[in-house]
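Two complexes are shown next, each including chain A; its partner changes from chain B in the first to chain C in the second.
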Partner chain A sequence: MAAKKLNIKDKYRLLTRDLDWEYSYADRKEAFPYEDFEGIKITDWSKWEDPFRLTMDAYWKYQAEKEKKLYAIFDAFAQNNAHLNVSDPRYINAIKIFLTGVSPLEYQAYQGFAHTGRQFGGVGARVACQMQSLDELRHVQTQIHAMSHFNKFFDGFQEYSHMHDRVWYLSVPKSFFNDARTAGPFEFMIAIGFSFEYVLTNLLFVPFMSGAAHNGDMATVTFGFSAQSDEARHMTLGLEVIKFLLEQHEDNVEIVQKWIDKWFWRGSRLLTIVAMMMDYMLPNKVMSWKEAWEVYFEEAGGALFKDLARYGIRMPKYSDIIEKEKEHISHQAWWTFYTHGHAAGFHTWIPTDEELDWLSEKYPETFDKYYRPRWELAKEMEAKGERFYTKGLPQLCTTCQIPMLFTEMDDPTQTSYRDTVYNGDRYHFCSDGCKDIFEDEPEKFVQSWLPVHQIFQGNCGGPDVGDILSDFYHMNVGVDNMDMKGSPDELRWKQWKGVA
Partner chain B sequence: MAVKAITPDYKGEVLDKVENFGGNQVVYVGWDHHLMFCAPFAYPLPPEMTFEALRTQVMPETFSLHPEFEQIDWDNVSWMLDGNPFTPQADVALKDQGIGHKSVLRFSTPDLNGYQGAGV
Partner chain C sequence: MSIEIKTATLEPVRNTFAHIERRFGDKPATRYQEATYDVQSEKYFHYRPLWQPEMELNDPRRTALVMEDWYAFKDPRQFYYGAYVQQRAKMQEVAESNYAFFEKRDLKRLLSDDLQKQVIRYLIPLRHFEHTANLNNMYSSSQGYGTAITQAFLYDGMDRLGIAQYLSRIGLILDGNTGDALGEAKAYWMSEEIWQGVRALCEETTVTKDWFELFIAQDVVMDALMYDLVYNQYDAWLADNGGQDIGMLTEFMQLWNKDNTRWADAVLKTAAAESADNKALLEGWVTSWKAKAVAALKPLAEEMLDAEAMDKAVAALDKRLTKAGLFK
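Presenting the complex of A and B:
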């Protein structure tokens, strides 16, 4: 009689590798049509080493345990009115960016991994991607639940999903993931599984979660912890993917290098918003963006690329530029949002004098020379009752879709302009990195949905900016946007705290 | 190959072709070393608009918030069009002096270095 309970090894085999079968009457190529067109050569899927030995039944069990603990903490957070424990209501604006800009990416990751989890010819890779797909769906759900408490007490949370699809600055994260998901399955895995999850995710999650911890937001800290064991699995998968591709065929090396160059550049552009959040939006600072970049990219990433050198992989192209930009981008980004504070779905403000001094201390080479004068000007205008909101709309980069706010690293007060002409039309970029990406695949990027151009084409309602904000973006104008000073968020906070 | 796609000879739809702008063309204008404005401005303009109208009617709407804007001596401004030195003709239409759809115009004011001389 067969044993009632399978041993772990047999269970693992039956629930992963044994789910595949030989095709006797159908063409395997037709079953996996996405596997060849990117030029990646896979000679033997059985060489795939499962990065984590987890079966679906164990997966459900672990996740259910974590979920029970997580939701108990959310309940306690809500019952204790724990939103009153955050350091300062300015902090909540970082969470608004997270819900509108990052949580919808978790959903896109769920969709992307579901696709690769169907399309890879190797069953080991398929099962791993399917589990990550479920993780990502769990993350978007837990994030929404964690932040729903804030939605009851603060403005700007109510239309996060609608806003993600339409608002000008949210086209940056949205188009980043759209680019990855419309690539082939192998590029998706190098883009999201390796570049983002393995190398750059620490720069997203650690700052947000430790920022939450330093600012009294236990709900966000807890979903961060609850996602951490999932993230560890995602990193292992990202590393297995790259090693597997590089070991399968030497022709893969050049293709993988090109994707690394592309996705590290795109990733560093995307993280500009995290840089700004760390340096300007956390009332209690964790560390500067520059310090975080040095720890998590230069040290940790540098060691990884040393390890990959034996496959013929080198550091991502333009790493030298990125290294210099760590001194600048957070300041350039917050200035952009401050001056467009009328068109943002969260509040902006001038840093306090203590914060300006902290920035001087953390950025001795650049802050006083280039960026403090901007805040002096802003203070001067505010004192005259003319809080600076820029008029008109900015030029955008065709690839990253960020306003052209980046500057030449050898001339930091000069906007960095790049352009190219393709099929008779001119296209503009913030950098050589973004220009290279366009020139490699122009037929993809001629389709960029650039918010400023869409407004000009009449596709976003208007033409008044106020109407676009309210009718097309669903912002609550005069409530969600504008300066922190005098905002309903600030007034309510003062009432709760009993201060005038 | 202009894109890696599973569809042979895939062509993308050009979202920003001039025909989509209802008779206008997009022109970008940036003031070198003046980063009070975080990025160059984008304007939808009739191609028949004269340069004079761009400079005296369109640009002040956005640029005049800068404390140095009214001090600009326009006779001593140097211009670049799409990366090349450029001498604008005031009474000539944009399209008749090479300022096309998605052209970039940059101007620099050598005597004005931004708020506090800091390129702001």
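Presenting the complex of A and C:
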């Protein structure tokens, strides 16, 4: 008798979904203890639609083929000293931010999805999370391997792991993922699986990888291409999660909406550094941050939220503010790093005249009016040998941990500043969005390990800022950072290229 | 005559990342080293987990085991993601051709009805055992400390999902893709006497909180006993009783077990050698889980094999424990 043909859905159900069983001997609630405390109601895990139906044997096979090709490129890249092919050594600073700020997040994503991949009561959801967990481990490790060669020839990569746990601006991405991972499993999925992977990843991943492509960085762009099919799987998981939660129970809608409001705000704050990278750090530009935001958030995200409206979900809170911010945040952030260039883990610089013109063209409403004059002043000061570095330490927002660098959107000469009192202590914020998040979970956010507060409390060594930078952060001040002009990175590049 | 292609040599500024250099000295590092050591965040976490407020997000106190350096758990296979998937891809290629050959030649027809029934009764229910091992290794991966050991748990966990899927495919080969064999095997798992001890033990492991204890329970004790009973002793019995072709379908599990045992034994040895306290702790866990596992597996072992089978499996486990430095 010929065996019956199975369609993919039935086959996957038989191979995977049917593995779990009803417990008789132990308390199943104790085996999956974290499903209830967030208030999410799951009535039937079997309604979970598998976002992708990949069995492990196929996974090993496809992924091994991808890895083989990827590592062949890495080897060729190293052998041929292909770092010499990048557009301009300034570009390297963008991927220093990537390794110190983003790759450790991939690691946290591995950990977070491993947690949900164990803790969800439904086998379909668990297995999907497990595969994403494994993919995320892939991403952090392949990124380390892609950057390994750059680390041998440029300064600022070497202490990425140590720095990620300590440095002031790296606490922004670190705390973002710490927040998601310390949340319950469903909030984690809305935070990372949906908000981040489904919507915002296009604004993180695409700019960095396209930036690599436009600037001759074969190693990073190859990693990007190789990760694309993983990311596609992750996006389908993110979408399934939100639909599943919304369809399971009407009471879930309000909770999910609150998480969407929180995580889109936190996400837009996190992406500030990408905005700055795109507009200021790529010698060959891909597109402006504003354009990227319009394409990937306003158009793609807008269509998504239209689709979710039938569940009663609306656009994230403060979308109107976010829309205005696209004109400003990249300029405000780069200026902050430029003036704190001695405390960054990478080099900063004044944009060239052509770049200033490009910014004027891309930001006709704001750049010439608010930001170009600053750079003209910086140019004058630099010409006089007075390159400016601030002596002060910035005040940080308790929620997003970004220095108070944002302005009111209706008056870009006025710093946006909010505060609230909780249990007799005053807490400071960069925005209404961040203040709302704090006020919703004050007992969580009072725990924030704010790097500047920690310095002033004496928890980071000292006594001088210089001591903290070198001893606590492991920064090689004046080598890893400060201005690109005259840096060892630049000098070496000139030697390699044979230019004076 | 040798030819030498002339390339420009550039002197690197450094050989590897600073944390790798601090551990291994200023020399070029391996891909395993750079992908593994000190990658996990160690300090200055921002918030306590809402789901476990007594712990930090990454916290070595989630097990009673104490290690000076959690990166002492070097994987002898040196698996990072790329090395792992490429190794498993090779194994699955062999498995795929075995399964294809078995189906193309319709080797099922050489198995007596009685033998097919046995396979459904003894082998296919193991997919649920493997599913438990998947959960337990994911638990240790997410609760454990230090990339060296947590990444190995993740690979183990995913391997177990793969093995559960291979076992399911054996069922589908036997029932002609109807799923009947899987249903029958699940019914055995749920209510047949010989499986209830195993099922109760599996359920108990999923409520065990200490992740290193769970490693002892699952990856050392239960796996050692079950794999010896099924993929060694029962496999030999099948080979002698007209079921040798089943061996084509379980070769993956045998190879995998060899590979995974190498890692598990290295972990055990490292943990035991760390301190007398660790050794005592491990011996306590082993003793307690071994007693439970032997009681749970005995009815299965006796019916599937004979009265001596369990002792043989225990002897194989004991040999490994002694080699790892325990109980001596």
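Throughout what follows, the second predicted complex is superposed on the first by the 486 of 500 C-alpha atoms of A that agree within 3 Å, B and C clash if a C-alpha of one lies under 4 Å from a C-alpha of the other, contacts with A are read in each partner's own complex, and residues count from 1 in each chain.
Here is the rule we use: a contact is a pair of C-beta atoms (placed from the backbone, for glycine too) under 8 Å apart; a residue touches a chain by one contact, two chains touch by 3 or more.
Since we're looking at a predicted model, the values are computed, not measured.
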{"item": "Chain touching more of chain A, residue-wise (chain B, chain C)", "value": "C"}
{"item": "Touched partner set for A:184, first chain B, second chain C, both or neither", "value": "both"}
{"item": "First (chain B), second (chain C), both or neither touched by A:34", "value": "both"}
{"item": "Touching partner for A:449 - first (chain B), second (chain C), both, neither", "value": "both"}
{"item": "Which superposed partner A:52 touches (first chain B, second chain C, both, neither)", "value": "neither"}
{"item": "Intersection of the chain A residues that touch chain B with those that touch chain C", "value": "33-34, 37, 183-184, 444-445, 447-449, 454"}
{"item": "Contact footprint of chain B on chain A as seen in their complex", "value": "33-34, 37-39, 183-184, 187, 332, 335-336, 339-340, 369-370, 373-374, 376-377, 388, 390-396, 403-405, 407, 412-415, 417, 419, 423, 425-428, 441-450, 452-454, 456-458"}
{"item": "Residues of chain B defined as touching chain A within the complex", "value": "2-6, 10-17, 20-22, 24, 26, 28, 30, 32-33, 35-44, 61-62, 65, 67, 82-83, 100-104, 106, 114-116, 118-120"}
{"item": "Of all residues in chain C, those that touch chain A in their complex", "value": "7-8, 10, 12-19, 31, 34-35, 38-51, 57-58, 80-82, 85-86, 88-93, 95-96, 103, 127-128, 130-131, 134-135, 138-139, 141-142, 147, 150-151, 154, 157-159, 161-162, 164-166, 168-169, 172-173, 176-179, 182, 186, 189-190, 199-200, 203-204, 206-207"}
{"item": "Residues of chain A defined as touching chain C within the complex", "value": "1-6, 10, 14-16, 18-27, 30-31, 33-34, 37, 55-57, 59-61, 63-65, 67-68, 70-71, 79-81, 84, 104, 107-108, 110-111, 114-115, 117-118, 123, 126-127, 130-131, 133-134, 137-138, 140-142, 144-145, 148, 151-155, 157-162, 164-166, 171, 174-175, 178-179, 181-185, 444-445, 447-449, 454, 474, 488, 492, 496"}
